[in-house]
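Please find the structures below.
One chain, chain A, links the two complexes that follow: it is found with chain B in the first and with chain C in the second.
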Partner chain A sequence: MNRETRQDFVFIGVILVPLIILVGILIYLPALDSLLTSFTNENLRILRPPKFIWLKNYSKLIESSEFWTVTARSLLVVVLTLPLELFISLGLALLLTEAFPGRAMVRTLIILPWMLPPIVNGFLWGWLLNGEYGALNGLLYQLGFIDEYVTWLKNPDTQVLWVTVVQTWTRFAFPTIILLAGLQSIPMDLLDAAKVDGASSWQTFRNIILPLLMPSIAVVLTIEFIASLQIFDVIWTLTAGGSAGGAINPFTKTLMLYNYELVFRDLRIGLGAALSYLILFLSLGVAIVFVTRLYNQAVKT
Partner chain B sequence: MLTMKKALVSIMLLVLIPISIHAAKITFLTPSWGVPPDKALLESFQKESGITVEIQSVQNKDLFSRIQVAAATKQAAADVVFLTQEAPSNLVAVGMMHSLNDLMGKDPLESDLTGQKFWNIGGEQFGVPVYAQLVMMDYNTDRLKQAGYSSPPKTWNELKSMSKKIKSSGIDKHPIAMKSSDWSWYLMSLSMGDPMFDKDMKPVFANKGSKARVAMRMLFDFFSEGLISPEIVAGTVNQHSIFWSGSGTFHQGWQGSIRVGNNAKKSKQAPYVAYMVLPEVGNTWSFPAAIGIAKYSKNVEASWKFIRWYTGKENQKSIYNAFGLYPSRASVAAELNDEGVVDGYSQILAQSKKVDELPRYTLWWGPFTAKVTEEILTAVQTDADADKTVDKIAGIWNELKSEYE
Partner chain C sequence: MTPSFNRHLIKRICIYLLCAIALLWAIGPIYWIFVSSVSTRMELYATPIKSWFPSEPTWEAYIRLFQGGGQYRGGNVSPTEGLMWSGLYNTLFVSIVSALFVTFLSTNAGYVFARMKFRGRGFIFFFLMLMMPLPLWVSIIALFFMISNAGLIDTLSGMILLFIVFLLPLGIWLMSTFIREINPEIEEAAIVDGCSRWQLLRWIIYPLSKSGMAAVFLVSLLTVWNNFLLPLIFTRSPDSQMLTVVLSLFVGQYEVAWEDMAAAAVVTMLPPFLIALFFQRFLIRGMTLGAVK
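Then we have the complex of A and B:
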């Protein structure tokens, strides 16, 4: 056995194997346990041994209108959040690649909302949007845009929109950083050549920057899709309307809140586990599309 | 040699002291109003008993889920748990609390502590009552006078018309401080004389022409006519905070709530808040809030000592003075009354004679009552029909009942 092979064995034995065991114990074992639970009627509220009911939990969910309403609402949050986040973060990333005084400070400030826990952001926005003393009302009233204070979070039609705004505010820093890194990896000579060839800013962006940025965009879309689909904290603090007994505002109930309701409030462990797997399949499906279609295609280009 | 021995003893002490300290440390999971208000009193308990109490103040909804999740893995989220109105179904009926019978065998509870029976299920005691809760209503006497009324309403219709006049005359923009939740509907229904459930647990609230249907319709009217602040629907405030901030003439409170309402440091309604006996038949529900020990607690003895201190006379007095929560110890209540600090005693007494309990111990009460709030929230946000909402709630009850029975 030569030295290199020995080193490989040491690497596998000392670093890789414990890591695989750890990941197996902490992630795959509980996941397998959840999968098995999803085939049972386990309900901690009913003190009885769980019975194997095969796919009944899955069919119960798929047949229920609440599941589809909640899924549609989750997808609506995703559809509204992703373009908004991408638009803001791409604009900011483009701006931050330019040299200007105080750039380092601005870059740091932009990360701030991302550094704050989503729960803090939720409460913060809850106060801003308060209809009695909220700062937004104060500002709009002073500027003459409204005649009287508005209860922004009362209307069920606008609640999801506000959730989108707060989620974008909470998350936009992360895509900005990824896109900024992507922009800085674009070779300068390509941009210089475009300038020499007389390409306009738009042409440079469309034909050089955007195609080269596609792998970063694919990463951003995949991660942000998962983050938006699994949104919980922002809704919990902003519009969940939780009261004694844990009632959840039905108009902003998304998949994760529904999952919380089933597992932690109603203690329907079997049904909740089945829902977790449906969420996993949904996330996985879309992530595969993003990665294969956008990332791989962009890398090939 | 002696120095060597000294060094060994010192090392042993250093090792053992943290162990003994660790053994006497307990955690107490409670909503904000269960946090002992008198810090000096708590400190003296800790000093005397050698028990360190780590208090974790959380929202009600988080309290249940923490305990339930921990119990699923046979762990205790905390040693001592504050038991609120949904705890019978969410914690006790599902077997997540420790029976106190053994502890009470050695250290029996005094008969002075009222409400013990409520927490005794099948001969097992699961909680020691802290305060007696009687859901009541209070009102601002000055605003009523400004609107030309000399006494509180005797019917809900009267309350509604008074509120409309108070609103239209610009005295109060949102005269009713009630929540878009299960509580408001139960309170109005019971007060109108609806029993809500019969002895077979059938939801008689859904009977044709029931008072509960009238109550639901009226509750929706309160919202649609702007008599209740839309901020309550948005969930950013609750009925108490909005009332004490100065908005509201009629307030869904409890026995002791005017103690807070008339405290100028805490309420802009002071000093004009008075109780009213609930309109019409006037029924309400009562509830002895308690504390107990989580099923998988490893510090049962220390927890019991803390519970005994917590439900002791001194702490009950300080809780009443801070939050207006009426003591469960009859002797403390009598003392406070003698001292003249129990405001509105005659109304409390009158209201306490009109009580109709809700089936809080049924296994499915927890998910049911949460769904009731969700249905009410949905309805007031979409101007839904009251009768359809009541029918839907009855459907939810029957579905859960058949599932859990």
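Then we have the complex of A and C:
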């Protein structure tokens, strides 16, 4: 080895080795450790040495009704949030590709909610929706839509709906940015040609813009699926009842909150670790399906 | 007036109308929380007609919050004295220090991946990146016990360490793509002149990738500032609780009065708000890549 390559070798080592060790110890090792724990019946409430029980935690979860209630609720949040977000962000992206004075300012302001701490967003909307003094009540009253104040968050059946509204508010800026970039990559002459051929705005949108936007939409749906499946902060301050160690409101308990409860309140470490891996597989599964479809589409066209 | 001019005008009006609705949706809630924090009690709790513009703005809620602590919804002073100060200090310290570390570590690593050829490069890059899109929840459970055993639970250095590790993949990714776009001729000339790799990094790469480094720094700062899950799990006393946790305590445990809560929320979101307002062009790319988190 000559002097120069040896120096390079030291240079690379000094920079990369600490990072490899850090990531190895603080990400891979605990991930592996959790996987092993998920095969044991470790429970810190009960003083007993953890026993290896193979896949019993997984089967216990899959057989429990609470797991399915919580999973169904999480999927409900996803199913309600995704179309809402897509609708708002697609509309905004189409609006903001038009050229008009003040567009840059609108773009900047629209993105703000996404950059704020989600924990603040949960509180913010909780206050907005407050039944006694809330601004939404005030607004609707003044506009004549309601005669008396409504306690929006009281009803357990509709709490999940509000969770999706706040999640949408927190996240819609990201899809808007991606779709805006997608729209800008559509060649202008294609749209001009459509206009010359006498296509209506709707036809242009339906037959040219939407198909070309499909890859961006797929990206958006994948990422927003993972984000809303793992919703946590927003619920914590909006409806969870939000104090560490305290009871978690069962009507808005989603997968992540359930997982937090199992591990850090009930101290059922084995079961919680198993759940965390189920969540991981669920997110990964969907991500892979979306990405392969996206890939196929890209190859075909 | 020609018909085409007319159509143009109608379109403009429609656009501005839609923009107004969009802004009401995006900014309205933020506006209201700010108004709530500076309103007098009388106006804030007025029903059924709210006062949308405070007639006599007051900073009382902020003063109360930082001196002696916020009030209970019932009226008495709640045991929150000093929590805002400690939260603000912890969040500032942890976010700035970890963002600085992430920026330098990932610029160095980004340079290595962008410019140097060595065996195992692809594998190491993959190893460092793999966890970026995955939910870190699977690591966190076991990590909690590791960090406890290491005595780093409820310490600022523990928080900084965790944030550095969780932000590194994104930082390295951003910096390696950024450095790849720099013209390599300058570096080649410097190497011919006998510059060592470290000198190269210090005198050529850092100055040339200033805007990339700024982006990584700001994205990291914002991510740490906004994060709630990590401080929730890894801290438990005011010595290291960060602002997001303090805010959650105000909402859940201490039942702080609404106007004081609003002030606390404004304090918690003001830095991200200002950074997002003034440095947005630095943020978009990094935030888009790190969007999953």
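Quick note on the criterion: the second predicted complex is superposed on the first by the 263 of 301 C-alpha atoms of A that agree within 3 Å, B and C clash if a C-alpha of one lies under 4 Å from a C-alpha of the other, contacts with A are read in each partner's own complex, and residues count from 1 in each chain.
Convention: a contact is a pair of C-beta atoms (placed from the backbone, for glycine too) under 8 Å apart; a residue touches a chain by one contact, two chains touch by 3 or more.
Treat the numbers as computed from the prediction; the structure is a model and nothing was measured.
Superposition of the two structures on chain A leads chain B and chain C into a clash. By the touch criterion defined above, A:239 lies against chain B but remains apart from chain C after alignment on the C-alpha atoms of chain A. Touch criterion met: A:248 reaches chain B, while chain C stays clear of it.
Of the two partner chains, chain B is the only one touched by A:151; chain C is not.
By the touch criterion defined above, A:62 lies against neither chain B nor chain C after alignment on the C-alpha atoms of chain A. By the touch criterion defined above, A:45 lies against chain B but remains apart from chain C after alignment on the C-alpha atoms of chain A. By the touch criterion defined above, A:126 lies against chain B and chain C together after alignment on the C-alpha atoms of chain A. One of chain B and chain C touches more residues of chain A, and that partner is C.
When both complexes are overlaid on chain A, the residue A:21 reaches neither chain B nor chain C. Of the two partner chains, both chain B and chain C are touched by A:269. After superposition on chain A, the stretch of chain C that runs into chain B among 1-9, 55-63, 73-81 or 181-189 is 73-81. Touched by chain B in one complex and by chain C in the other are residues 126-127, 130, 132, 241-244, 246, 264, 269 of chain A. Within the complex formed with chain B, the residues of chain A that make contact are 44-47, 126-127, 129-132, 151-156, 239-251, 260, 264-267, 269. On the side of chain B, the complex with chain A involves touching residues 59-61, 64-65, 68-69, 71-72, 84-86, 90, 93-95, 179, 181-183, 229-231, 233-238, 245, 247, 363-364, 366-367, 369-374, 377-378, 381-382, 404. Across the interface of their complex, chain A is touched by residues 12, 15-16, 18-19, 22-23, 25-27, 29-30, 32-33, 36, 44-45, 47-50, 105, 108-109, 111-112, 116, 118, 124, 127-128, 131, 133-144, 146, 161-162, 164-166, 168-169, 172, 196-198, 222, 225-229, 232-233, 243-244, 247-249, 251-253, 258, 261-262, 265, 268-269, 272-273, 275-277, 280, 283-284, 287-288, 291-292 of chain C. By the touch criterion given at the top, residues 7-9, 11-12, 15-16, 18-20, 22-23, 26-35, 37, 88, 91-92, 95, 98, 100, 102, 106, 108-120, 122-128, 130, 132-133, 135, 137-139, 141-142, 148-149, 169, 173-174, 177-178, 223, 226-227, 230, 232-233, 236-237, 241-244, 246, 256, 259, 263-264, 269, 272-273, 276-277, 279-280, 283-284, 287 of chain A touch chain C in their complex.
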